[in-house]
Amino acid sequence: MSHNSFGHLFRVTTWGESHGPAIGCVVDGCPPRLALTEADIQPFLDRRRPGQSKFVTQRQEPDQVRILSGTFEGLTTGTPISLLIENTDQRSKDYGEIRDRFRPGHADLTYDLKYGIRDYRGGGRSSARETAMRVAAGAVARKVLAGVTIRGALVQMGPDRVDRAHWDWAAVEENAFFCPDPAAAIRWEAMLTEARKSGSSLGAVIEVVAEGVPPGLGAPIYGKLDADIAAALMGINAVKGVEIGEGFAAAALTGEGNADEMRMGPDGRVLFGDNHAGGVLGGISTGQPIVARFAVKPTSSILTPRKSVDRFGQEVEVLTKGRHDPCVGIRAVPVGEAMLALVLADHLLRHRGQNPDAPTEARLPRN
Amino acid sequence: MSHNSFGHLFRVTTWGESHGPAIGCVVDGCPPRLALTEADIQPFLDRRRPGQSKFVTQRQEPDQVRILSGTFEGLTTGTPISLLIENTDQRSKDYGEIRDRFRPGHADLTYDLKYGIRDYRGGGRSSARETAMRVAAGAVARKVLAGVTIRGALVQMGPDRVDRAHWDWAAVEENAFFCPDPAAAIRWEAMLTEARKSGSSLGAVIEVVAEGVPPGLGAPIYGKLDADIAAALMGINAVKGVEIGEGFAAAALTGEGNADEMRMGPDGRVLFGDNHAGGVLGGISTGQPIVARFAVKPTSSILTPRKSVDRFGQEVEVLTKGRHDPCVGIRAVPVGEAMLALVLADHLLRHRGQNPDAPTEARLPRN
Amino acid sequence: MSHNSFGHLFRVTTWGESHGPAIGCVVDGCPPRLALTEADIQPFLDRRRPGQSKFVTQRQEPDQVRILSGTFEGLTTGTPISLLIENTDQRSKDYGEIRDRFRPGHADLTYDLKYGIRDYRGGGRSSARETAMRVAAGAVARKVLAGVTIRGALVQMGPDRVDRAHWDWAAVEENAFFCPDPAAAIRWEAMLTEARKSGSSLGAVIEVVAEGVPPGLGAPIYGKLDADIAAALMGINAVKGVEIGEGFAAAALTGEGNADEMRMGPDGRVLFGDNHAGGVLGGISTGQPIVARFAVKPTSSILTPRKSVDRFGQEVEVLTKGRHDPCVGIRAVPVGEAMLALVLADHLLRHRGQNPDAPTEARLPRN
Amino acid sequence: MSHNSFGHLFRVTTWGESHGPAIGCVVDGCPPRLALTEADIQPFLDRRRPGQSKFVTQRQEPDQVRILSGTFEGLTTGTPISLLIENTDQRSKDYGEIRDRFRPGHADLTYDLKYGIRDYRGGGRSSARETAMRVAAGAVARKVLAGVTIRGALVQMGPDRVDRAHWDWAAVEENAFFCPDPAAAIRWEAMLTEARKSGSSLGAVIEVVAEGVPPGLGAPIYGKLDADIAAALMGINAVKGVEIGEGFAAAALTGEGNADEMRMGPDGRVLFGDNHAGGVLGGISTGQPIVARFAVKPTSSILTPRKSVDRFGQEVEVLTKGRHDPCVGIRAVPVGEAMLALVLADHLLRHRGQNPDAPTEARLPRN
């Protein structure tokens, strides 16, 4: 993991600022001969795209992705895949007044302290727009992960959680919030309308689940699958917490309550009574679903003035007038799915490099 | 981050199994001419060592660290520092019965599925004993972090949290739990005695804090400081969740409530009203204290039999008779501190490689 | 060093095929606030560009580079710099006949065996066209290397070497061969005209020199400066050998003859009697000029038919009718300079990350 | 490739100084279930060991390697393999007089300029002793490379080359020089005796060959197999040049002369008329033998006084009285073999991570 690269064998490097001519990424290490065209990527970008409902920013970004290299006649060639999206709807003037002011909760101050310069237009490099390229790269990673299903959902908005008894994956695509609980979606619509009207914002918790992941992905100590998932999700803009399986709730359980007992399935597969572990034991996948959650803070761009300072050391008030999501967590759902896909694709390649004859299912006896 | 290495410029590689002849690590990239002897490392190992109270495993491991390379006449030379601890108190017979059985909640099954072989004695590579080397490496990292104070505390045991109004760092060293709230320590003693007697176990939440961290550490997208901290902490044995600053609670706040307003201090330093961000904005340190928490699941080794399977695909019952901590979270405190130190040392070197003239304090105007 | 990335802190990732829509690269880790516009890069690309004389391929590639990210108002921002060149003069039909045939000396066979697919148009990813992006990235690296001068020259064409007694750096820019010896340039013109007419090709040796390099760059064992230079130069298309300083000739010297004796200069600087070492001792720069050479094989694309096989296992004859350089070594001169610049920039950042107070000149006593 | 680590998936980190308590390495990423005990490693160390003839240093270093982790019941487990050799025959007093003086041709000056400190005893980290660990790690790499034979030979001592018409691999083990030409070995004995008596030293060229390497190892641009081999060999102490296949001689060939024509073998395998390429095309292995050579400079430690400077900026004379090899190139033969093995093992794992179904022989049609 480098400054702007992610992964080792399946490696993604993103580049671009919110208001530059384009954003893009390079996906290196992709296995060859996978069918891949823009049509495989675009739907995932469309899910993340702003402007689709009144609850996300009204910027119109067509986000049309182009593949510039790494495929030939519709197949990957094993060489770097360059993806590019041109920036079109840029209203740079919206951001002029924050050129010298540091917005609380944003990266303005830290970029200035680190680099002594920043592209303030639209947040520059720290804009959520960069996550479009993660989603695009994630679509490529999904191609590598044949047989694996990766889905995400918003499980909490503000303080209001979904009722897991009413979880319905189909519902996720039927509301503006990626909410798996239709009743919660109705409540959230009211909440978010209220927040939007008052110029406020709300946080959220997202859950991402990968099913069909082979056992054996990950490595014992520093290449742990859950550690890499944690980095991947914590690295999404505005994320402040990450959990695997039972997560923080595990702290309140006893050893008995937290045990995932095992038994044999009729086909030689190991079955688990529960999945408190979230599909990872000792940093290595068990074959159970990988379950992770991450918390997104409320959008820092709000209409209520906040006290801050400027580049010259003067105290000022900052109020963000740009077009912003009242709950950035919503659009983080496809981003979280993508990051999980990137981690799994990289670990799949790393695992089979070292262990080419490892089983792809949790079957016993192993040989 | 590789299978068993951590960090980039300041890089640690650990090796060793619980019941092999020794465990060790190599610390590469350490700046030269830092005073370093075994006496700088041993106190941190002693804090982590088992056998110090009835609440941690009764194994007697002197854990005497030796420096085998990388120092000369008491100073680091800039070349790799090899640290080694011999394994002495190994009762391999304790573990014979689990040779073929997969303990629920342990890495037994996943190692077997991944590698087709495992050193079952004492958990082998997945033993918490490996964390001793992280603590040792962390002691070297602290040398690199002149002016930075890194401390940790247990803030929750089972479901019982400390009262932050009574937080006392001095208390942390005065009880067996690294607990900053003396009243909570008394309650926990009763809880843990009960858990130990009944052969059960408890989870915990640890908070680690780094003060005096210069601004500018971290990088925008995939080298984010908080993402690397998340990986570092999630990579500790038995950890299931990681938070920075407000963490999951941020999801329930509004944008107004979560804003860390800024003002100017008398000396040109930026001061913050709050630290919901936990010292990191946009993946880059602000100069405020870095605050992170992680959740440790209850020890999986318990005296109550659990259903499981063996290597041959037979259903069995597993009961762990070895000597184990009823709350592994306690000993995770010094490990968490060490991991935070490793992340910060690596990022400090990376930051000054790219930005040699960046300020070491959050002062404005920058130049 | 990854499949398509080079460097660690100053890291370049290139992408693109000869006949795709574009080629490009991402330069990550560049220090901020360096003046950088396309005008800083274009001259280096123009030096490498085909079509400038009858001795290099007659393809017309304007090779206009665009900066798509990482700069703001003419200064680098510390974020990834994306560079892109559109491919324009593509005559794909020229290459149709070698779609299924493996050209001797080319990567056709090995790509097919490795990936099972290849973009055969113009050599695809293995085209020398990719080196344009190395030259572009090298121009950025030069910005990081303030005070360092990096130059290259062709010192041998076919079996004919320059006379070092007549070395004239100014002459390098005055002939079509980057030749520092005007008399040799005249001989080479005749040689190469003859080779071109007969459809043959010639090899070459290039020397690259970096002056003003601070001492201390490099690391003792596997991060040796000369090892990284060797990889950088050997990684250029068609290169078969690399030397530092005395190179292979050192094998025939005695220890006395090879010694670079030292003395003190009037200003406290260490002076050397010779530079057999080529500016590197123990993998670390001495402050003397870095001198490296690399050998380029004769162009494999020739008009004389050669025996080969095709994808279906049939024996065939192959003759390359495309437009090609009779001596690819000529255009390798700016590429070699660029690769040397990339290595030095990366090592400069790595060095000062670990050793921020190391001297920038070879002065004694050090402190 | 980091400061003291080599490789990516199969990664080696070495540590230790000549006169510290021990030297060692960690081999990470080794596939599991390979038979490995000290007896697999020791013979390679014995080949490299000093004190075996009057032509190599008379230090007595038993160099007994111990495996401290990563194996269980004689098999690798997939976890890090820690190897250690204790330093025994250390005569630190021999080196006292060069504590403050910089030996020409050695790393004394550059370490001091870079780090401001160095362990001067026996060369410290820059001692050739460190290469023992490369040899040990190479022995592990050979285990990964089932079916691959890696051999090396000295092909030139001083200015005297072997006659390739008399090449006999069996002869290599029958003389003190790893010389494949018995007649040359007789000449070299006289040459080296003379050099030793006069306190002088000689350079050498070593050739290493890997047979049975599957096609497809390597990657197109920066992960080229030949580039990584170049780095590996150039990184050996005292090496100043590296060649693949025809090497520098390729510069003097024509395209016709350099072409390796192909034909079909009776079993569907591609056969080559020649191997000018040295087994690598476009950075990827062809299935032919990998052939590389490297030049070792004459030992810098000689008995004739040389002019130099000391740490205090004073001009001095330096004469090395310690026990040293008159031709360090001899002992570089097993080191070169080991480095080649390390590169191939790493690339094998990387290759099959990305291309799990690639053929292991150069057969056509591929599918």
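Order as written gives the chain letters A, B, C and D; numbering starts at 1 within each chain.
Simple rule for what comes next: a contact is a pair of C-beta atoms (placed from the backbone, for glycine too) under 8 Å apart; a residue touches a chain by one contact, two chains touch by 3 or more.
In this text the structure is predicted, and so the values were computed from the model without any measurement.
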| item | value |
| --- | --- |
| Chain separated most widely from subunit D, comparing mean CA positions | A |
| B-C or A-C, whichever has more C-beta pairs in contact | A-C |
| Computed distance of Cα centres, subunit D from subunit C, in Å | 25 |
| Distance from subunit C to subunit B - Cα centre to Cα centre, in angstrom | 45 |
| Cα-centroid distance, subunit A relative to subunit C, in whole angstrom | 39 |
| Residues of subunit D touching at least two other chains | 2-5, 8, 14, 29, 32, 78-79, 114-116, 125, 220, 350-351, 355 |
| Subunit B to subunit A touching residues, read off their complex | 1-6, 8, 14, 102, 104-107, 109-116, 125-126, 130, 156, 158-159, 195, 200-205, 215-216, 218-224, 226-235, 237, 239-248, 250-264, 268, 270, 273, 276-278, 280-287, 295-302, 304, 306-315, 329, 350-351, 355, 357-359, 362, 364-367 |
| Subunit B - residues contacting subunit C, complex | 8-9, 29-32, 78-79, 220, 349-356 |
| Residues of subunit A that touch subunit C when the two form their complex | 2-5, 8, 11, 13-17, 20-24, 26, 28-29, 32-33, 66, 68-70, 72, 75-82, 114-119, 124-125 |
